[in-house]
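So, here come the structures, one by one.
Both of the next two complexes hold subunit A, though its partner changes from subunit B to subunit C.
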Partner chain A sequence: MTDRRRINGPSGGTLAPVYSKYITKDASTQIQRPVRSRAPNVLRKMFLKTGVTPSASGSAYLELEASKSTNTNTPGLASLSTSGLKLTCTVHGPRPLPKSAPFSPHIILSTHVKYAPFATRKRRGYLRDSSERDLGVHLETALRGVIIGDRWPKSGVEVIITILEGEEDQWWGDDRGRGHVTAGEWGMMSVLSGCITVASAAIADAGIDCVDVVSGGVAAVVKGQGKNASVLVLDPVPSEHEEILAAAIVAYLPGRDEITDLWVKGDIGNKELRSSSYEELADNAVQAALGSHRVLVAALKETADMKLGRS
Partner chain B sequence: MASTTPQSSLSFPRETFAKLSPHPYLLAHLQPTSATSKPTRANGRSPKQFRQPHVNNGSLTHAEGSAVVRIGDTTVVCGIRGEILLASNVAGYRVDKSSVAPSTRPGYNEAKELDLLVPNIELATGCSPAFLPGQPPSTLAQSLSTRIYSLLHSSGLIDGEDLRIWYQPPDLSDQDKMDEDDSDAIEPEVKAFWTLYIDILFISLDGNPFDAAWAAVVSALRDVRLAKAYWDADREMILCEDTLSESKKLQLNGLPIAVTMLVFRAKEQEQGRDKKHWILVDPDTFEEGLCDESVTIVVDCGSKKTKILGLSKAGGTIVGKDEMRDLVDLAEQRWSQLSQLLSR
Partner chain C sequence: MAQVTSVAVPGQLLGPVSEYQPGPGTHVHNSNLYASILGPVRKLNPPKPAGPQKRLTKITPAVPAALPTLSIERNISAASQDGGSKGKAEILPEVNSTVLCRVTRITPKQAQVAILVVGETVLDGEWQGLIRVQDVRATEKDKVKIFESFRPGDIVRAVVISLGDQSNYYLATASNNLGVIMATSEAGNAMYPISWKEYKDPETGASESRKVAKPF
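After this line comes the complex of A and B, so read on.
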């Protein structure tokens, strides 16, 4: 069924370009996987700015730097390099609910996460798919415990996130059909963590009362080299690792030492690989969240200074 | 009694005045009481002053071309992705000989016939409280997409040749060269086409969506770098090379720029033939809500003579032949300002 409200492409359907390097296996064209140059406990650099959308009550933009390839044999076209993470978030409200809505003693939070069509290697559709809805539900869970909802009865607030550039689930070179490609959508974890941090900044920018500012953090157990069968890393970039065994994302409130959302997936506590325990993984995710919390607080301070300085 | 000052109870702060009676509010700005002060709009600009544009290219990784255009508080991101349409997937497209291909027919717009340009505008990104996600595209989003689509085709901005992927079949009849005249050398054939998916997302909307969206499209198209694509006869598929040196940029015909202007009338209702009006260029959301008559001119002043590629006027009867001339002059001014940014 075609979408009659949008301009659709050729009816015959189009294919994403296939690069010859994807399918050839000779060594001369081999491209190396990007390597993690950070220490295991170092996060990527984060850029966070509020007030990008003046027409909304609150807004924020978050960017994580792309991992740089160390080898000189980098792909020439930008479309083949790995991407960072770019998110924009707008908050609309609090505003009165429509007359038809039933009475609510507290604020009704609705979240909406959407990938831009050009956000990932595979072109995204215009309608939200199940993974985007799942991200929205996780985000809502993370934020619901933070907002003091009783202060706005009969009102609603909408948090809308547009993912301009998403984290990749794996290195594109692994697409070539060889090796073990796990079905895990590991990129989603980093995306969700970024969504939580950026939404928190936008909610603070909108002036909605919260018990604390929540921030997201990711930790992962990745397959190591040599005698270290597995390594625990903070803020993993899926394309830099051959295999991710398990990952955890938390939404953490440092002021109250509370977690509002926790999502762990993968193979934890694998004896053969001497992988870390579930507790270690969650603790490290909290450490990552603390790191992004510092950036968040600095960005909000900057906003506050600007707002106070102006008026 | 003496303590109550009637003035204080009757005056509002500016924002309240603007919300309660927007039309007199803007009128009061444009009709200054003292003769010395110049008429300014509520946003502080003079009626014929455009907002300062900012353009940034190539910031998206997964797009073949991209642009971020900011005009005042309106911010647009445009990302263009190229995908491949096989000629065999096009119903009724003859691929056997280039000399009989439809593209040789005069007046044939291949990009349009085959739908090779797919522009879509997304307003439901939370860019404005008026357009929230969860609903199908709003009427404005649909009409903007259609206007961009038709302007892309009518302006002839993209050369159809840039989108074709040719294949030269090897001459296998070389060994047994029977006839000397060699009249039917094997002609190259079009195996596939690049299809450009042009997605325009509004990050922030404060009026004048069409000008910003069109500027973003043109800027992103100038940034597009298509990989070298060829037909691999063994695998029977199109393959691409990812080297930068072999990729090529699109050759655009000219640099059209859209300029929108509004007509603000002193009288809110249509009363008599009162012609007191102001031309407001590059309107913001507040002004868009107060004016009925709008003019959009698409101009290209790249060559010596100014080309008008599109002209649309809706609502109202103020702008006539003479006024339109002035508006085109304004559009030329805007072109010289914006083209410097876009042609970098």
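After this line comes the complex of A and C, so read on.
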């Protein structure tokens, strides 16, 4: 469906101009791919805060730190800026269902995930596209297993996530003909994991009954240094890796040791590459989810203390 | 009797079912009590039997001791002094809860109302309710006429009798203390109740019939 209500930019996206005087062959100023400086089992630093939207019944904001470019002496080009992940989530409800809706003995959950038009290097449209709807469906499955629906009969709750800064699917330098095009959409994995964590915080802020707080975690198998070598990393940043072989995202309930959503993408279990198994990948994603769960619990305790007027 | 122990996050283990009773804001899983919302945990000890026990005239099995109830308060901002609108948690009308509502529309068979207040809590959204003609009054139900009981704009105190159908809660005013508590006359003046079935306009002197709630 095309958007006829707004004046849209070019569909293919645009790049800021890179002037030829900056494109030097000097190796020291050559723009390089950002390199993962964390250990394979270390997550990015996370900022999480609830109660950011006063008009909503519950809201939360999540930010992951941006990866640093390795050589800092390159000229300050706007197109060099690396982005982290920035998400806001608002929860509206429980509120009455529309008159046309049939009777429901439990709460009706609806989720909307939307990239801001400026969220990624390639500009997004104003209408939700298929990948955004995909994220919404995954988020809904992840949250449905957590909410105690029968405590809220005849009501609906809406979870709306706006992605202010999204994860890139690959390093932008790979766009320009250099290297081969990878399978793509790896950025969606860490976006979904962030969405799950931030939605969980916002739902707890709204006071909707939950079985546990669900948190998201990503693990990936990336191409290593040597030939046919692969490394398992937690919380991958797609732009930092030349090639991601496979990635998994889980929505995990630590209290019950349950997984409400699992999404694995890529090629794995290849004998020649001696890569890890699906189980190993999922287990590592659970470890990543446990990491974000600790941040989530700390943020929620802070919220409760603030509301109680203790701090 | 209520004492605050600590802040719980959803999914936090509160204790075994053998020691506590589940209250609001908690749930039971694998015979353990867990928190299901964010907030301070309150422990409410069971009321002790008052006064000295009567002399036993017969031998009865020992009554199992009542367990303390653990609950999590939903409206946690009410505990703070400022008591602003932020953090006000939404609650739903339940069966047997007393509600205040405004009559929006009447037909010979029913009165359509919008529920505004449940118990002591003002709601954010407007929930639809329905008072059917047979639920207006406890006696002489067949003689009830809706237009002699309610008019659009009246504020009614009612009790929820059912979660109802897809859009409406079913309410009843079949009790002395339930019925119209605020009404305006056809001239637009606020009226005062003069009997169990009449309101009077102080300016025009005309009286209109309503199902009047008994003032406390």
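Criterion: the second predicted complex is superposed on the first by the 272 of 311 C-alpha atoms of A that agree within 3 Å, B and C clash if a C-alpha of one lies under 4 Å from a C-alpha of the other, contacts with A are read in each partner's own complex, and residues count from 1 in each chain.
By definition in this document, a contact is a pair of C-beta atoms (placed from the backbone, for glycine too) under 8 Å apart; a residue touches a chain by one contact, two chains touch by 3 or more.
Since the model is a prediction, treat every value here as computed from it, not as a measurement.
Participant: Report for A:Asn8: first if it touches subunit B alone, second if subunit C alone, otherwise both or neither.
Facilitator: In the superposition, A:Asn8 contacts subunit B only.
Participant: Quick check for you: in the superposed arrangement, does A:Pro54 touch first (subunit B), second (subunit C), both or neither?
Facilitator: both
Participant: Return first, second, both or neither, reflecting whether A:Ala39 touches subunit B, subunit C, both chains, or no partner chain.
Facilitator: In the superposition, A:Ala39 touches no partner, neither subunit B nor subunit C.
Participant: Is A:Thr120 touching anything from subunit B or subunit C once the two structures are fitted on A? First, second, both or neither.
Facilitator: Touch status of A:Thr120: first partner only.
Participant: Pick one for A:Lys99: touches subunit B only (first), subunit C only (second), both, or neither.
Facilitator: Only subunit C is touched by A:Lys99; subunit B is not.
Participant: Decide which partner touches more residues of subunit A, taking subunit B and subunit C as the two options.
Facilitator: Residues of subunit A touched, subunit B against subunit C: more for B.
Participant: Looking at the overlay, does A:Val18 come into contact with subunit B only (first), subunit C only (second), both, or neither?
Facilitator: The answer is first: A:Val18 touches subunit B but not subunit C.
Participant: Taking the contacts subunit A makes with subunit B in one complex and with subunit C in the other, which residues are shared?
Facilitator: 54, 95
Participant: Which part of subunit B faces subunit A closely enough to touch in the complex?
Facilitator: 58, 60-64, 66, 73, 75, 77, 79-86, 89-91, 114-116, 118-120, 122, 125-129, 132-134, 136-137, 142, 145-146, 149, 195, 197, 199, 201, 203-206, 225, 227, 229, 232, 235, 237-245, 247, 285
Participant: Which subunit C residues qualify as touching subunit A in the complex?
Facilitator: Interface residues on the subunit C side: 7, 9-13, 25, 27, 29, 34, 36-40, 74, 76-77, 79-82, 86-87, 89-90, 92, 124-128, 163, 165-167, 169.
Participant: If you look only at subunit A, which of its residues touch subunit B in the complex?
Facilitator: 5-21, 23, 52-56, 59, 66, 75-84, 86, 88-92, 95, 112, 114, 116-121, 123, 126, 158, 160, 162, 164-165
Participant: Which part of subunit A faces subunit C closely enough to touch in the complex?
Facilitator: Listed in rising order, the residues of subunit A that touch subunit C are 51, 54, 57, 93-97, 99, 101-103, 148, 151-155, 204-213, 253-256, 297, 300-301, 303-305, 307-309.
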